[in-house]
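Below, chain A partners chain B and then partners chain C, in two separate complexes.
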Partner chain A sequence: MAGTAVRGRLTWETATVTAVRPETSSVRTIELQVPQWAGHRAGQHLDIRLTADDGYVAERSYSIASAPGEGVALTVERLADGEVSPYLTEELRPGDEIELRGPIGGYFVWDGDDSATPLLLVAGGSGVVPFRSMLRHRGLIGSAVPVRLLLSARSLPDVIYRDELEHEPDGVEVICTLTRQQPPGWTGHSGRVDSALLSQVAWPADQKALAFVCGPTPFVETVAAALVGIGYPPDRVKTERYGGAGTS
Partner chain B sequence: MTPEWLLPGPGGGDDESMSPVSRGFHGRRREPEAQAGRVPPGQYVTTDFPVLSAGPTPHTPLDQWSFSIRQGGDTTKSWSWQEIGELPAEDVTADIHCVTKWSKLDTRWRAVSIDTLLAQVDYQARFVLAFCDGGYTTNLPLADVTSGQAWLAYGYDGSPLPPEHGGPARLLVPHLYFWKSAKWVRGLDLLPSDQPGFWERYGYNNYGDPWREQRYAGD
Partner chain C sequence: MINGFWNDIDAGVIDDTALDGNAMGGLLNEIFGTEMTTAVGICAFCGTARQLAEAIVYFRSPGAIMRCRTCTAVLLLVTRRAEMNCVDLSGLAALDVPN
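Our next item is the complex of A and B:
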């Protein structure tokens, strides 16, 4: 371990579920009480460990949906052939205990200490979860950093945090594109995020914005490449890719 | 006879055995026979090939690509894409384990052993730092990239390695978590002392042995 900073081990802690709230038909937000939580930064994730009564164990990683200082909340999408997400979204209820450890990750984070740099957040589906942490953090610290959040969802009912996002404060623009189904009278964007849409809604490259992109792999590949294509330096595009479809 | 203090007591044992049962959680049942002993703790088997990287996928034209061995800031030896292709290659079949919990069994690679590359240079080193297009780095003990344990891989499953999986070439070090198998690798810095790489500076384990579940710093 020579040459590395010595850090304390991340230990498993038992958290108690305090609330479970539906976000969409397949997505739940789970609020947790974690007695020894060391605190987290906006954009970090944690590991969950579930134990069956015969000792069988499954672990998965989830993005933290709450701001630093707010306690710990997770927003989980149920994957049809998943092992852990159906349990978290359908079985778990207040009073249940689960084990977790974290926070994890120090790259896909926004601390809000750089007030001169606009933020571009691009989310595919449940990729919006770490951005909720960042937006709530922005509000809590009173940051005036201009933010554009571009959301891609299949349909309006699939938009996670819809109520919250409709009431974002000044300085936060939420732009939504619906890929499969648009309600009557829809005035937002339609179709997948591509170069044309990003040219229209992303901060121009000369604004030297910092971009965060989160979602399924093909979405992130497309968006990150398109941002580089419109002039974002690759090191200003931070990505977080959800694993293969149906594996959690 | 076993001393009494070694016998398992009610609710006793280390913290691993005190994990609370998750009410109503059954999970997928046991791994098939063929996978027994092949999946490290905390991992699950996937047949997908998920992608993990911190930024956009770089696309370096092959005529501008090279692989370099550096020491003390100087390039000791450098191979062009064509020269790498002319080196003796191996078909490698390996199980790979990503720190994000997925494992993929029996992945098939076309690759040049790092031993083959190092055989062409004079060097003295104890550690390596792999460097990549896009600025990614990862560190490994020299002993973990020699003796047939590590490769420069440019083929996957009978085809050229796709860019999102690290093509044109990536490191392949299957006995460690897969972030050590650096994508878009362009060379190795041979070092006298250890120097943490990209994820290693962001809280991930310095060594990353999946069988000891060394995911994060301090594990």
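Our next item is the complex of A and C:
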């Protein structure tokens, strides 16, 4: 049927790295040219596949850092014992090719079509990556949805997209808590995200906000339970767990 | 007794390496040929209906395992052997694929 966009089965395809730039000492953003990219929604991820010379294959999922309509970008944190992330963050250079499939997922996404619902985005460490996609999407479509982004990072130099987040437009509040080290004169929050901090900074439950929580599994467990504890209905708390590794 | 076999090797059920059903989206698309993380599955053990994205997922040799977020029963198993996915859906009483 002409004009009908039927999405077929996902297939692995070859993308070319167009740029690599550091975000923090252990995090890189990788921009990719993907010839057959079907377009993505804010919050989706893709799978990367690396094949070693001996045929050993490792696959990992990474959130897409760019907004729908922009080129595909990933932001990857190097995990000390990782099989894939050290290659992506240390070896990959512009011009290199990499196998990927995507976009994937329809649950942890924000399309920006509901302007009445405030957004609460809670990120542990590199859990901020899908939120960059959502915030850029918000800007590109001219959405006025009020957003609060609560970021947990070990220290100020560990905050990913720091420059970009310092210049967020009207309607976006960025709140940061530093868990391990605070710079002299730090006026933000300290310590891990818990019920007390969420009671202070999250939209009150009666505002019927939509919450997205992303980060290491223990972080997401804690934050999601605390949000339900302060009155968020469980179906208004969307979660994406990155597993045990990573920093928050 | 494939479920018994898996119970032995992931006896911790929920630990720090647990992911969401979201993380299995690529693999499920490979198997079903469509986006499946928003498909609603009904747990054959406790009867809870949820989107697969909300389930608990582990990637552990020899494959991937999805468990019910409510009762932790095994919903779905995928074992890869020689380029072929062996899929056990017996933990799902029903699976509604999104439009």
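Everything that follows uses one rule, which is that the second predicted complex is superposed on the first by the 237 of 248 C-alpha atoms of A that agree within 3 Å, B and C clash if a C-alpha of one lies under 4 Å from a C-alpha of the other, contacts with A are read in each partner's own complex, and residues count from 1 in each chain.
Here is the rule we use: contacts are C-beta pairs under 8 Å (C-beta built on N, C-alpha and C of every residue); 3 or more make two chains touch, one makes a residue touch a chain.
Please read these numbers as outputs of a predicted model, since none were measured by experiment.
Chemist: Under the superposition described at the top, does placing chain B and chain C together on chain A give a clash or a fit?
Modeler: When both complexes are placed onto chain A, chain B and chain C end up clashing with one another.
Chemist: Is A:Ser61 touching anything from chain B or chain C once the two structures are fitted on A? First, second, both or neither.
Modeler: both
Chemist: Considering only the touch criterion stated at the top, classify A:Thr239 as touching first (chain B), second (chain C), both, or neither.
Modeler: The answer is both, since A:Thr239 touches chain B and chain C.
Chemist: Return the chain, chain B or chain C, that is in touch with more residues of chain A.
Modeler: Comparing touch counts on chain A for chain B and chain C gives B.
Chemist: Given the touch rule stated above, what does A:Glu83 touch, chain B (first), chain C (second), both, or neither?
Modeler: first
Chemist: Which partner does A:Arg9 contact after superposing on A: first (chain B), second (chain C), both, neither?
Modeler: both
Chemist: Quick one: classify A:Gly106 as touching chain B (first), chain C (second), both or neither.
Modeler: A:Gly106: touches chain B and chain C.
Chemist: Return first, second, both or neither, reflecting whether A:Gly215 touches chain B, chain C, both chains, or no partner chain.
Modeler: neither
Chemist: According to the stated criteria, A:Glu91 is in contact with first (chain B), second (chain C), both, or neither; which is it?
Modeler: It touches chain B, and chain C stays clear.
Chemist: For the superposed three-chain model, which listed region of chain B (6-14, 78-86, 96-104 or 114-122) is the one that clashes with chain C?
Modeler: 96-104
Chemist: Taking the two structures together, which residues of chain A meet both chain B and chain C?
Modeler: The overlap between the chain B and chain C interfaces on chain A comprises residues 7-10, 47, 59, 61, 104-108, 217, 239, 241, 243-244.
Chemist: For chain A, which residues count as touching chain B in their complex?
Modeler: Residues 1-12, 14, 47, 49-53, 56-61, 83-84, 87, 91, 96-99, 104-108, 217, 221, 224-225, 227-228, 234-235, 237-239, 241, 243-248 of chain A touch chain B in their complex.
Chemist: Which of the residues in chain A come into contact with chain C in the complex?
Modeler: 7-10, 45-47, 59, 61, 101-102, 104-108, 216-218, 239-244
Chemist: In their shared complex, at which residues does chain B touch chain A?
Modeler: It is residues 15, 19-30, 41-44, 46, 48-58, 100-102, 134-135, 164, 193-196, 198-203, 206-207, 215-219 of chain B that touch chain A.
Chemist: Contact residues on chain C for chain A in the complex?
Modeler: 15-23, 25-26, 29-30, 33-35, 37-38, 51, 53-54, 98
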